[in-house]
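Each of the two complexes below includes chain A, the first together with chain B, the second together with chain C.
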Partner chain A sequence: MNKALTYGLLLSILMVIAPHAEHLPLWVSSLCLGLLLWRTYLTYSSNPLPKRWLLMLITFAGTGGIAVNFHTLFGREVGVTLLMLLATLKLMELRKPRDAMVLIYLSCFIIITNFFYSQSIPTALYMLATLMVIVTAWVHLQAPNIALKPRLRIAAVLLMQALPLTLILFILFPRVQGPLWGMPQDAYASSGLDDKMSPGSLSRLSLSEAVAFRVSYEGKPPLRNQMYWRGPVLWEFDGRTWTLGRTALTSPPKFTELGQEIDYVVTLEPHNKIWLFALDVPNKLSVPVTLTYDFQVLRKEPVTARLRYTARSNLSYRANLQEATRQLQRGLQLPKLYNPRAQKLAAEWRANSANDAAIVRTALSYFNQQGFQYTLEPPLLGVHSVDDFMFGSKQGFCEHYASAFVFLMRAANVPARVVTGYQGGEFNDVGNYYIVRQSDAHAWAEVWLEGQGWVRVDPTGAIAPERVQLGLSASVLSNAALPFMARNPPQWMRDLRLNWDTLANQWNQWVLGYDTERQFAFLTRLGMESITWQKIALNMLAGLGLVIALFALFMLRHLITHQPDKVQAAWLKLCRKLAKYGLPRAAHEGALDYAERIAAARPELADVFFDLAVRYSALRYGANQDEQARHEFLQRAAALKV
Partner chain B sequence: MLTRLKTRFSNWLFRPRIEHGTVTLTQRRIFIIPTKQGFTLCFVLVLMLLGDINYNLSLGYVLTFLLTMMAVMSMLHAFRNLAHLEVSAGRADAVFSGETAQFLLHFRNRSKLPRYQLCLRESSGDGIPTREQLSGEIRTGKIIGHIAAFRLWRRRNSDRRVVCFDVPAQQDSVVAFPLPATKRGWLETGRLTLYTEFPLGLFYSWSYLHFDTRCLVYPKPLSDAPLPLGDSPDGTGKRNITGDDDFAGLRTYVAGDALPRISWKAYARERGLQVKQFSTPVGEELWLDISNAPDRTEEEKLSRMTRWVLDAEAQGLRYGLRLPDSELPPNNGIAQRDECLRRIALFNLPQQMQP
Partner chain C sequence: MSQSLHNVIQQAEKIILGKPQQIRLALACLLARGHLLIEDLPGVGKTTLAHVLSRTLGLQFQRIQFTSDLLPADILGVSVYQRDNGKFEFHPGPIFAQMILADEINRATPKAQSALLEAMEEQQVTVEGKTRPLPSPFFVIATQNPAYQIGTYALPESQLDRFLMRIQMGYPDAQAERGLLSGVDRREIVAQLTPQMESSELLAMQKSAREIFVSPALLDYVQAILRYTREAARFTHGLSPRAGLALLSASRAWALLDGRDAVIPEDVQAILPGVVSHRLQAVGEYSKQNSDVLVRELVEAVAIP
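After this line comes the complex of A and B, so read on.
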């Protein structure tokens, strides 16, 4: 195996493994790197490869280590880790061309595993670079003594030619909606809102810059304080954590006095949960969903791929004016043993207020006036979390306020519940859409008031109105904990970020989100009518055939350089004519010799043919390439009657 | 029946015929099939596609399609690597039996496209032999027989000589294809396969070259065979064997010249291999007669005669050749030597004497 080829393969493996380094266990990354360095050294110093038993030992030890590390040998994560280890180990026993071939195929396969973690534009570009390195090594394997430059050129040509063909395939290849078989548990990463809430859970999420979803509104966007994206609605409280709870009641909600209709398109990043996000209150969605009794939008299966849907909401509404008693009962339950001081306060409010709405107002003004602070880094709370917060630290994030508020309402006998979701978003004026990030995660409350139904109350708004109006970075006291970009970056960085996000959004919509539905829509837009699989497949083959034929034409055309010139063609035609009359020119015969033979056999042709032969010889072998003489010869040759 | 059809089909497809002059590898002459590696890649690609569908990986689709299309394009590249090459057969210098004949082939690449990794190998006996053809070698059940036939075919294929070379853009390359010369007489090139798997090794593109060139193979000279000096026709029976007193000059080395005669001084001066020539007194004539050879078989006799011719020429004698069917009057020099060797090589062979 020649050295340059080995280096090429080493580089290929390094490039396919590198993006995995961050999520592999540290010791596996180090082991792989160590093996790569060792192999490089062995190649450099021309030392023999390690013995088989040693490799076996490393293989078994490595596999064992992975099994211990992950507590299993099945699943996606483990599979990827094992693949990395085996690829680097295969490099250690690179002896025959066949081993190199295995390595090349293996590295192509490893590239795919990287897409489990990221499919962004940089990943795609990195894939192209990696592929270029792999194909260069591949070409080198076939022709061991070809220099680097032509090697790179051939690899680049192959890649460039494959690109337009890939585009055709990508657009027209019939898409099958996966999955084809059951997925391992860890198949999808999940991030974002959870179906429970405890102190600290949302503030942790707020540190993430990851995009939750993107929205583009048809027409004028709503006001910021109307941008409440409902997620899980939490009913049950155990003194610390709010959970969904269970209920047998599944009657659909009743909305009345609907107004302020708004249409929008949501592109939801996969979060591996069943809920979708819609503005309050959703009217209809383009994907099959169910609307629960507490206005959540749920899908049958978890969202494991980027999902795009259009939705219509009504921003002004009355919800469930007639609520079932059992539901109201649920909205009043609370653990009586916890938070005695808060319960006492609520009881006071109840006694001093005329109705439920007055209690809500009292509570909000209490939060507003008692020196509460909105912060990402609240102190830890004890067993009586609401008491500690209300009368102790007075510092909290939205989950603290929502939790405390709902607790107080319930204690004051006002039906209430916690709603989690997202609020606001960043407007991208380049792409004209809103980006809702994990840092926009929010929790608020809903109370049921006689004659008004379920009403949204955001206690956070009472303490830090900027949170609702302007977003997180404007509202927290100390924003040191926030990621850099969530604070106040310079304008040009903001612009760059928004431009980039616009590009990423297009990429998500058109490349990553290209599924059956998109495919059909796109092809319809291209003018294809009554689309069927057969039709798409036929078009695909025809398109590929056409482009390949064009390439073939282009590639082969310039190979054919030599064509007999007109003079020679005319002479050969003459010879063929005479050959028909039994006087073929022998291969060794010169023009004049041939003419002499013809003169002997056909005296009547002698003069004319001899003249032609002399002219031909002069034109073909003489220095004089007169255009006039050429022309005359061609004319006479054509005129000759045998 | 089926075999006959197969033969007819392959005759139609491959048009086996012996050619002379220059052959241009046109589309019609180039064939292409996927290699084993090509099929392996196909399998890998199917696996990748399944993964893409299952995990809904759009970029995975892109990668899979890119690789697929590169593989498809590599077919065109493999084809193009042979297309419109001009091949003509060059000479093949005579060799002694047991040596390796070098058939020269000229490859002319008029295009601006460098051709990489072209390979030449013998193609006679192409294809997997049938069980019947191997019945002498394999006596087992049917399936085992087929597997064994395949293995044998593979083994034969693998130890065939392969010559690989490049033809740079707008240049000519001369390639020597070695064939072992095992018996005297004419050695035909047979049908050669010019093939390439460049650039990715996924497709095997090939063309058959069957030129009418042949190489003359002299019998293998016996190692120890003193000249039949006693039988010189002048009857003296004595001759000054050394006879090389008079240095007459140098001439270029020809295969078969005696090593002590090589002028190493000239070689050291980088003037190539030169052989010292010595003049011999006129009148010392030697008849090399096959009936004087003491060996039993004809082949051994011819081997001995070959040695005699070489030694006689090396010692600068005038020698003649006498075979049952022909006689060559005494003379000396390279021409004489070659003609003698030629007659010895072709003696009693059914082949025609024309070159």
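After this line comes the complex of A and C, so read on.
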């Protein structure tokens, strides 16, 4: 096997495996890397390939190791791991062109597995580069004499020729409902809002720059301090952690005095949870959902693929003016044994206040005036977390404030609950939409007041109003451990990031988000009627056939214009005739040279054949194209008896 | 082929034994109005070949021995002050001859080399602001010692390109060498040679060489060769369009020598080693190969369309 070709194949396999290195078991990555290095050394030093028994040993040991590691030999993860290992091992027995061919096909197959883990633009570009390397190696295999530059050009042309086919397949391939390869859970083990909250959970989340969702508003966007995206509503407190709690209640909420309607489109990144995000309070969504009694928007199945939905919300509302007693009871539950000082304080407020609204006001001014600080790095809290926070550290992030506030309210006999979600977002003026990141995660409170229903109270706003008005970066000190980009980056970097996000958004919308619905809509716009997937499939086959036929026609035309003329055809026939008698003409052999060789081997043919060769040379290369001479040559050539 | 051309070849073959191919290549080079570079060890008959050709073709002959202290003026000539009339008078250098033997060209400095090479390219010499045409026909045979010998200034590729062909003499075979050793002194025979041709006849023949027919089928073949050298992995760079033109003009001259009125692929193959071996450079693992082997592989790799 040619050294350069081997290096090309090594590079292909390396590029194919590299993105997987991160999630393969460490020992498999190391083994693959070791094998690649070993193979490179063998090629470099022209040493023979390892013996078959050794390869068998490694193969069985590796397969066994994988079986032990994963406790199974079936499933996606195991399959990918096995493929990586076997492809690398195949390099070790690269002896015949057939082996190289197998390796090339295998590489083409394996790069697809990248999409299991990421479908972003950089991944797509990387795979294109990998494909280019693979195709270049393939061209090398087929035409070993071509130098690197023309080889690259041929590979590029081949990829370009595949473009129309790709386009047809992309547009017309019947889409399955849901992602094609059933996106498994672990692909989205990414962090996001959880259905419980304890001190530190949101401040940890706010270190992540990952996009939670993108929103574009129809018309004028609402004020920033109205952008409360509701996530899980937490009812139950065990002294440290807030959870959803349980209730048999399913009655829908009753909204009255609705006003300030706003429409928007949300593109939600998969978070593997069942809730969707909507502005308070949601009125209408384009996907089937249920609205719970505490105004959450829930789907039947978890969001495992990017989801796009339009929604309408009312920014001013009255919610549940009449609330069930059981609900109000739930909004008052407290672990009585914890946080005695806070309970005592709440009791004092209760005694000194005329009504519930006054208690809320007292609490907010308490937070505002007692030297509380808003920080991403609050100190750890003890068993009595609310007490420690209220009277000890006085430093906290939004979850501390929401938690303490709701605790105080409940202790003061005001029904209250914790609401988690996102607040605010970053405006992308390039694409004219808002990006809501994990760092925008927020927690606030809701209290139920007689005659007003459930009212949103954001205690964070009492301590750090700029968090609500301007966003996270404005509200914490610059040396805080914020993600780099959530601080105030230079303008050009901000622009770059927004432009990139716009591009990523388009990619999500049009490439990754091209599902059955969009496909049908697009085809309808193209004029196709009463679409069924059978019809799409037929159209796709027809399109593919058409493109291939066009290419074929183009190439055939090339053949026809280069068809040998009669003289040459007769000459080639003559050569074939002689080839049967063991005297084939070499491709580079001129007519006269060939005639000399024939004359040496078959003296009886010498004169006749030499005459034919001279005539042929004159007709093919001479200036004088005499019809008579052509005719004579053709006759004599046909008459030659070997 | 004309009788006189035939006689030239016969005479030359009588003196330079066992080298018919080299003699014909040298003649083809002359007919194609190119210049010839002969590369080989000292003493294999490079100079004799030049002598014989100039004598039998009846060309004015000048020999320039290149040494490391040779100056451009030694080649081109100088103006000397004349006391009689108080003017400068130009004394032409050895370059003003129809046939020049530039012996051991790679022993001179690049400055002297380029003086010769510019004259070759432009067929004229500019000295002290005045341009003087060189005689016609004008033919330079340069010889050079192999590059590994001491005291050589290798000609750069761009200047090698000025030579239509580079050929090697090689040792004679046993029979030819016996004839050489037992025969009379070559120099004596050369002195007795009679010109077989007028220079006007040579010019006419150069003209008819240019008129040899080249068919589209042959151009296909030449282009296939050029394309192969550009795409094949074994060469550092492919042949230039100028090399393509050189191939064609040399092939035409070869066809004329063979008495044909059209070029056939065999002509191209015959002159290919001479024309491309100094224009191609092998890469990596191929560079150890002899240039002859390289060219033979090139011939065998390109099918005649």
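By our rule, the second predicted complex is superposed on the first by the 473 of 642 C-alpha atoms of A that agree within 3 Å, B and C clash if a C-alpha of one lies under 4 Å from a C-alpha of the other, contacts with A are read in each partner's own complex, and residues count from 1 in each chain.
What we mean here is this: contacts are C-beta pairs under 8 Å (C-beta built on N, C-alpha and C of every residue); 3 or more make two chains touch, one makes a residue touch a chain.
All values reported here derive from a predicted model rather than from experimental measurement.
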item: Partner chain(s) touched by A:639 [first = chain B, second = chain C, both, neither]; value: neither
item: First (chain B), second (chain C), both or neither touched by A:150; value: both
item: Which superposed partner A:116 touches (first chain B, second chain C, both, neither); value: first
item: Superposed model, chain A: greater residue contact from chain B or chain C; value: B
item: Touching partner for A:526 - first (chain B), second (chain C), both, neither; value: neither
item: Which of chain B and chain C A:141 touches, first, second, both or neither; value: first
item: Touching partner for A:592 - first (chain B), second (chain C), both, neither; value: second
item: Touched partner set for A:621, first chain B, second chain C, both or neither; value: second
item: Shared chain A contacts, counted only where both chain B and chain C touch the same residue; value: 145-146, 150, 587
item: Residue ranges of chain C touching chain A (in the complex, touch as defined); value: 213, 215, 217-218, 228, 230-235, 261-266, 269, 299-304
item: List of chain A residues in touch with chain C within their complex; value: 4, 144-148, 150, 586-593, 617-618, 620-623
item: Chain B to chain A touching residues, read off their complex; value: 21, 37, 40-41, 44, 47-48, 50-70, 72-74, 76-77, 80, 83-84, 110-114, 116-117, 166, 197-201
item: Footprint of chain B on chain A - complex, ascending; value: 101, 105, 108-109, 111-112, 115-116, 119, 123-124, 127, 131, 135, 138-139, 141-143, 145-146, 150, 154, 158-159, 161-163, 165-166, 169-170, 173, 176-181, 183, 187, 304-305, 511-515, 548, 551-552, 555-556, 558-562, 587
